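Both complexes shown next keep chain A, but they swap its partner, so chain B is in the first and chain C is in the second.
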Partner chain A sequence: MIYSCEISHLDDLFKEISSFEKLYLPVDENESLSSRYEVYSEGKKMSDRLNTVRSPKDFFFPQTENLMAFKTEGKKIDIIDVRQENEDFAVFGVRACDARAFKVLDNVFLKDVPDSYYADRRAHGTIISLACSRPVETCFCHTFDIDPTEPDGDVKSWKTEEKLYLEPVTEKGNKFIEKLLSVSDILKEEGTETPADVAKQKEQTKKIIKKLPLYSLSKEKFGAGKTEEYFNSPEWDKLSESCLGCGTCTFVCPTCQCYDIKDFKTNNGVIRYRCWDSCMYSDFTMMAAGQPRHHQKERFRQRFMHKLVYYPTDYDGLFSCVGCGRCLQKCPIHMNIAKVMKTLTPVSDGGDK
Partner chain B sequence: MMAERPENLIPTIGVIKDIRVDTPDIKTFTVVTRDGKKPFDHKPGQCAMLSIPGVGEAMFSITSSPTVTDRMEFSVKKCGRLTDILHQTEIGQEITIRGPYGRPFPVDTDFKGKDLLFISGGVGLAPIHSVIDYCLNNRENYGKIAIVYGSRSKNDLLDIDEINNVWAKAENTDVYLTIDRAQEGWNGHVGFVPNYVTELGFDTSMTAVLCGPPIMIKFTLQGLYSQGFKPEQIYTTLEMRMKCGIGKCGRCNVGSKYVCKDGPVFRFDELSQLPDEY
Partner chain C sequence: MQKLTRGELVRKAEELLDNGEVKHVLGWRAGEFDYDLTPSVFDTKDDIEANFRFDDFCGPNFSKYLVKKTRELEGKILVFLKPCDTYSFNELLTEHRFDREKVYVVGIECSGMADIFKIKEIAGEGISKIEPDGEYLSVASLYDDEPVKIKASDVLEERCINCKSKKHVVYDELLGEEGEEQDSGRFEEVEKLEKMTSEERFGFWKKELSRCIRCNACRDVCPACTCEKCVFDNPDSGTQNKSPATTFEEQNFHIIRAYHVAGRCTDCGECSRVCPQRIPLHLLNRKFIKDIDSFYGDYQAGQEAGQRNPLIDYTQNDIDPSEIFGGAK
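Presenting the complex of A and B:
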């Protein structure tokens, strides 16, 4: 079932949502030059920009979070579980690229040995994705088979001139809509057919995609098992030459999930926390016994090989890039995964490994 | 407390029950739970995360064999921030411990019925100590056992008492010790491990396990290969920086493998499929 609300009532809809759970909304900042997520409160307007500077991964895998605490006294140590039950929350306006990124993160954090911190937030957070109508020149989600007019998420949404349409697709999404319907005066049943204005918007968006500068970028030469073809490529030298190792690409990336665990001492104990880390940093792999990746080239190569080859090898061919374009916008030396993908050519004989 | 949400990153308390000084920079710590039991079961070659809150947490190989059921032992070389502090601790100190992590040596499958050749240098004995003990404790499952162990000097040989009194006296087991340079009071072999292994000329049907400094591994491997050993019959255990131990934090990622969960034990034919970044 598709539900709808008039655009003129959008603010009321957000008010209704925030009456039963915390709502995060992308809002403009810097005079509309960029957008970021904020907790909705009355009067906040949803940004029409495509991507927030920082991706919505923050809500599920925050930049820093406390894992546990310790009290130490003499030789004795006590472990304190500081985990708290999360409350339900909703993240609105997640674009198709970012929505797909959760599939990438879920593979890491939920499979095998689940991460309880991430899992609990995933259980409580509803992702309401928003279809794109105006992809920009840094967009290349289609390279990774993502359709920006049909995003993943618990609830999909489309915003046209007249209306906002909501379609729940997961169990969590259905529960969310139920909760919303129980408080809403403005949400209407629209039917099961794609509304005409949505169909028209989809068609237009698809036309724009075909004109994007990265439209022809292909992932086909990369993927599972291609380590030999690319690891010793002579092109890594040139590609990585100017990399500053600043880690900006990692921090804005919706799929980068490497982390560090550290302790800090407080007045009466120790808190162990984790924070985002980057394989682009020299101390990422530094050990007392040595350093397996001595040069920036090796760290640079690790990041891209992981996204384009290693991750697909581990997870059924799924790439860990979603083409959101953040690294294209933010890298201070204008290096990015699209350039890497265009430049690399497979070494047919595997090189001199 | 949220016991209904198990979390691998949250450790348990371990108590240092005993500290043995092995060499000038290696100590062996005996760890038990608060109620005096072994912290958890493990298999030979597996590791555990030890930490002193406020200092740090790191991965260590479990030195004691799974057949030791009342405690766990860790031989630790003093070489960084956490190990420096660990070396300063006294008996009774509590630490945190979690595990076991990683893929163990295939002691109950591929090793069964084989002649085993263990080659080790320096603190590299720590991870294979548990395998050797396990095999000697289940002696009937394995053929001949040969152990080549070397260190910088006689003072740097780890577990020398157990080596001389237990391993060297075990049935159908040969122990070959060597030190890098001649030293007063040492009547044994002098020379580097790789050369000694070549000199000894082991039967190429043996299954070999290597652990030691990278330079030892490199030259020992060359020697074994030139004598006719195949990558499929040589095992080693890798060391990479680790934070989570469960294949998520990304640090020990080499190619599509994570040393913490897919290793640390690898066969050399498996390693040849991975990028040379370990």
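Presenting the complex of A and C:
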């Protein structure tokens, strides 16, 4: 079932949602000429910008979080669970690229040994995705078979000139809509057919995608089992030659998932926290014998091989780039995964070993 | 737009490669779009013909790259430096960070560089083409049939609006016209901050720095930050080195960095250019520059190679702390 509300009532809809749970909304951030997520409160307007600088990953896997605390008294050690977040929340306006990123993160954090911190937040958070109608030049989600007009998410939404349409797709999404319906005066049943204005918007968006500069960017030469094809490519030298070794690409990426764990001492015990780490950093995976990747070239290679080869090898061919384009916009030297994909030649296709 | 043309730079690079003066050329490599150029080394004329670019998007300052490249590469390197970049070059020479003999500097006239995010604010997201057109940039979009004409002077980077100098302080050869030091308004924003109460000022910085994602791009691009191992990358330093674990930590990082480059920062503006969150980091450095000017007389880091900055050069006429902070002499 698809539900709808008039665009002129959008603020009221946000108010209704925030009456039963915390709602995160992308809002304009004028200082940085971009947008960011904020907790909705009356008067906040949803940003029309395509993507926030920091991705919605942050709500489920925050940059820094305390994992636990230890208190010692004599020879006694108490381990304290410091988690306090246990309320439901909703994240609105997640684009198709970012929505797909959760599939990438779920594989890492929910399979094998589940990460209970991430799992808690996934259980409490509802993702309301928003179809794209104005992709930009840095977009290439289509390269990874993502349809920006049909995003993943618990509830999908489309915003046309007249209406906002909501379609629940998961159990959590259905529960969310039920809760919303129980408080809402403005959400109406629309039917099960794709509304005409949505169909028109999808068609227009697909036309634009064909005009995108990265429309022809292909993932076909990469994927599971291709390590030997690229690992020793001489092209890595040139590609990485001016990499600053900063963490911008990693920290704006919706799928990067590496972290470091550290303890710090407080007055009466120890707090164990984790924070994002970046394979671009010189102290990444530092061991007693030093960091295994001695040069920036090797760190650079690690990041792209992980996105294009190692991750697909581990997870049934799924790529861990979603084509959101953040790194294309934000890298200080404008080196990025699109350029890497275009430049690398597989050994089997005449590339040097 | 730039008065100097790409062709003039290409001819100079090819001439110097041909006559054996240099083996490598440090320049800007064409990207996927019209604005995403990458600093890169060119070794052949073919590569230069095909991929070398010079236009309004040549922001990156190459001086710091020389620290690494002069060690890695055999033979002399041609580097193109805009006036502001030459100050960083001199400062690095002062600190003995690379061998001057291994570098051939071609100073290039600069008309100011464009800020792509300002262009997007005017033309909208979804840019398909940017072409120079006299004093304008013609910006085509994926969504509009007609390109938008934007005055290049309306979308300049902040550091170019407040350009401190169009004069090259070092070069082996010059392309284009030599300019003068500029009477810029670069301290005006600092003055605004100085006029705030300390609570207001703390509020300003807290808000700005709260956006920091601790990517370290400001540090990694900074020509004054060339320590072989940064204190923030040292796991034993006691700092939470990769993340703004606490607000104190996040402010601490930027304050320490500003202190560490004080007296050596040339105000090249790379920190603010690369910040993914557009935090006006240059204002921290400019406050130091302004204070040094008022305490010790006008001083410009990088003006000459080998000069001693006032913070490490004691003279008997140095200002007494009591003149700044009050109290007994």
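Operating definition for what follows: the second predicted complex is superposed on the first by the 340 of 353 C-alpha atoms of A that agree within 3 Å, B and C clash if a C-alpha of one lies under 4 Å from a C-alpha of the other, contacts with A are read in each partner's own complex, and residues count from 1 in each chain.
To be clear about the criterion, contacts are C-beta pairs under 8 Å (C-beta built on N, C-alpha and C of every residue); 3 or more make two chains touch, one makes a residue touch a chain.
Predicted model only: the values in this text are computed from it and were never measured.
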Clash-or-fit label for the pair chain B, chain C on chain A: fit
First, second, both or neither for A:339, with chain B first and chain C second: second
Chain B versus chain C as contact partner of A:63, first or second or both or neither: second
Which superposed partner A:208 touches (first chain B, second chain C, both, neither): second
Touched partner set for A:314, first chain B, second chain C, both or neither: first
First (chain B), second (chain C), both or neither touched by A:79: first
A:227 touches, of chain B and chain C: first, second, both or neither? first
Which of chain B and chain C A:196 touches, first, second, both or neither: neither
First (chain B), second (chain C), both or neither touched by A:286: both
A:306 touches, of chain B and chain C: first, second, both or neither? first
Spatial angle chain C-chain A-chain B, Cα centroids [nearest 10 degrees]: 90
Minimal inter-chain CA distance - chain C and chain B, angstrom: 8
Contact residues common to both interfaces of chain A (with chain B and with chain C): 260, 262, 264, 277, 286
Residues of chain A touching chain C in the complex: 29, 31-34, 36, 49-50, 53-54, 63-64, 134-138, 208, 211-214, 238, 241-242, 244-248, 250-252, 260, 262, 264, 273, 275-278, 281-283, 286, 328, 330, 332-335, 338-339, 342
Partner chain A, residues of chain B touching it in the complex: 1-2, 5-13, 51, 53-57, 79-80, 83, 90, 92-96, 214, 239-241, 243-244, 246-251, 253-256, 261, 273-278
Chain A partner contacts - residues on chain C that touch it in the complex: 31-33, 36-41, 60, 65, 117-118, 120-121, 125-128, 142-143, 207-208, 211, 213-217, 219-221, 229, 233-235, 240-245, 273-274, 276-279
Complex contacts: residues of chain A adjacent to chain B: 67-68, 70, 72, 75-79, 81, 83, 85, 108-109, 112-113, 115-117, 119-120, 227, 231, 257-265, 269-270, 272, 274, 277, 279, 284-290, 292-293, 298, 302, 305-306, 309-311, 313-314, 353
